[in-house]
Amino acid sequence: MTDKTDTQRGEWPELAAFKQRLRAFVAERDWQQFHSPKNLTMALAGEVGELLELFQWLSEEESQQLDNETLQAVAHEIADIQVYLANLSDRLGIAIGPAVEAKMKLNAEKYPADLARGKALKYSKLPKA
Amino acid sequence: MTDKTDTQRGEWPELAAFKQRLRAFVAERDWQQFHSPKNLTMALAGEVGELLELFQWLSEEESQQLDNETLQAVAHEIADIQVYLANLSDRLGIAIGPAVEAKMKLNAEKYPADLARGKALKYSKLPKA
Amino acid sequence: MTDKTDTQRGEWPELAAFKQRLRAFVAERDWQQFHSPKNLTMALAGEVGELLELFQWLSEEESQQLDNETLQAVAHEIADIQVYLANLSDRLGIAIGPAVEAKMKLNAEKYPADLARGKALKYSKLPKA
Amino acid sequence: MTDKTDTQRGEWPELAAFKQRLRAFVAERDWQQFHSPKNLTMALAGEVGELLELFQWLSEEESQQLDNETLQAVAHEIADIQVYLANLSDRLGIAIGPAVEAKMKLNAEKYPADLARGKALKYSKLPKA
């Protein structure tokens, strides 16, 4: 899949460019053989596990005031997650940007501001308009 | 945090723009109170769980040939994950783009192409140069 | 919560006994303060992430033939997961044994052998009797 | 793997008995073909994702005072996780009970009560005796 396909599918330019560099990085190492979508999903989940471990004993308040060392570690995990997400979407021909825009439209419908304000409830539990 | 801060920190332009839209969406619903980094990390992990469930009984080969319905579902989960990742990084003032670039540089050093080619081993197990 | 409560709720005896030892271990270290169900859930998920990482690049076949080192590592993670599961259920007063028996009954109804045989489909997609 | 093997390996009796019932349940439905350790790990992680979602917007305090409906849902997920953990360990010939006992011994050494009391730090960061 060339970046031209990504541009045609409306992928965010920077993400499309990154996916192309990532493709080259992977090809250089002959790693595509390990990168089935199934495997990439497991790898993504593994990184998310590492991210969770950084927060597990912190209170919500402490999680807002991370020290430098923890903040750095969190940034590293966020990067790992983004890389696997880009890789997985690239393997499946999914443009993340448009998928995000579509999801935000759906979210706006499921959670109208006037009904959802201040509530963390699932939309099925929101009071009807 | 304004998008100007994100641009100063070198965030990918569309991600920076999206984070700004997301901030407005959240503020409109008075949801920031639920969005401690700790909570956002849990929500991100919850979505990754949904993504895993779509692949759990598929073979690696089947995961490369998803039917339309499953592909759509995967796209939805990828979008959800990207949204929470953007939200979390925004709350912590982390620019994803630069973090990804830094991680890729590190990966290139940990996994030199000539040593890592065709191997899925962790870098500590690669043959020494 | 004493083990007598667990026995009353029908918890599997060794699990009940283990929960009691775990309670003492935690109390000795004054760790209950960190062990809200929310935190324990995150810790559990963190360990599951470590388990995923052991399998992510293995094929399904390779995952059936683990070398000794990997098998040991998997056993360690399974233990960690069981410990957090016991801790979490203990904090919430949930007896795991009875919950498992109830779930198995439900699974037998959702997935009758004659309809579900050889199929990995979710029950809603099984052919109707 | 018969339950006799589990008893020989010192598995907790109730867990050994359950694993045997689970084996029959799976065999009846010809599901072993889907139950590679790799797949079972993904399924386990999927259930943990569902558990996380039940807590993601709750504060630590709220997570200690769950309403009946949420408590029921949590019990269901705990059961699902236990079932997959039993299944995975059975496929790999791992006795969970002994693995847990071994891990608790290790934890007692890594986190001596007098040094670890009241601290959520990783053992490498504990003050030296």
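Just so it is clear, A, B, C and D label the chains in written order, and each chain counts residues from 1 on its own.
The definition used in the following text is that contacts are C-beta pairs under 8 Å (C-beta built on N, C-alpha and C of every residue); 3 or more make two chains touch, one makes a residue touch a chain.
From a predicted model like this one, the values you see are computed outputs, not experimental measurements.
For the pair chain B and chain D, chains touching both partners: A, C. In summary, the pair chain C and chain D forms a contact in which both copies contribute largely the same residue numbers, shared numbers making up over half of all those used. Distance from the chain A centre to the chain C centre is 27 Å, each centre being the mean of its Cα atoms. Mean C-alpha positions place chain C and chain D at a centre distance of 3 Å.
In chain A, the residues touching two or more other chains are 34, 38-39, 41-42, 45, 48-49, 52, 55, 57, 59-60, 120. Residues of chain A that touch chain C in their complex: 34, 39, 42-43, 45-50, 52-53, 55-57. Of all the residues in chain D, the ones that touch chain A in their complex are 38, 41-42, 45, 57, 59-60, 120.
By the touch rule above, chain D contacts chain C in their complex via residues 12-15, 18, 21-22, 25, 28-31, 33-34, 36-39, 41-42, 44-45, 48-49, 51-52, 55, 58-61, 63-64, 66, 71, 74-76, 78-83, 85, 88-89, 91-92, 94, 96-97, 99-100, 102-104, 107-108, 111, 113, 116-118, 120.
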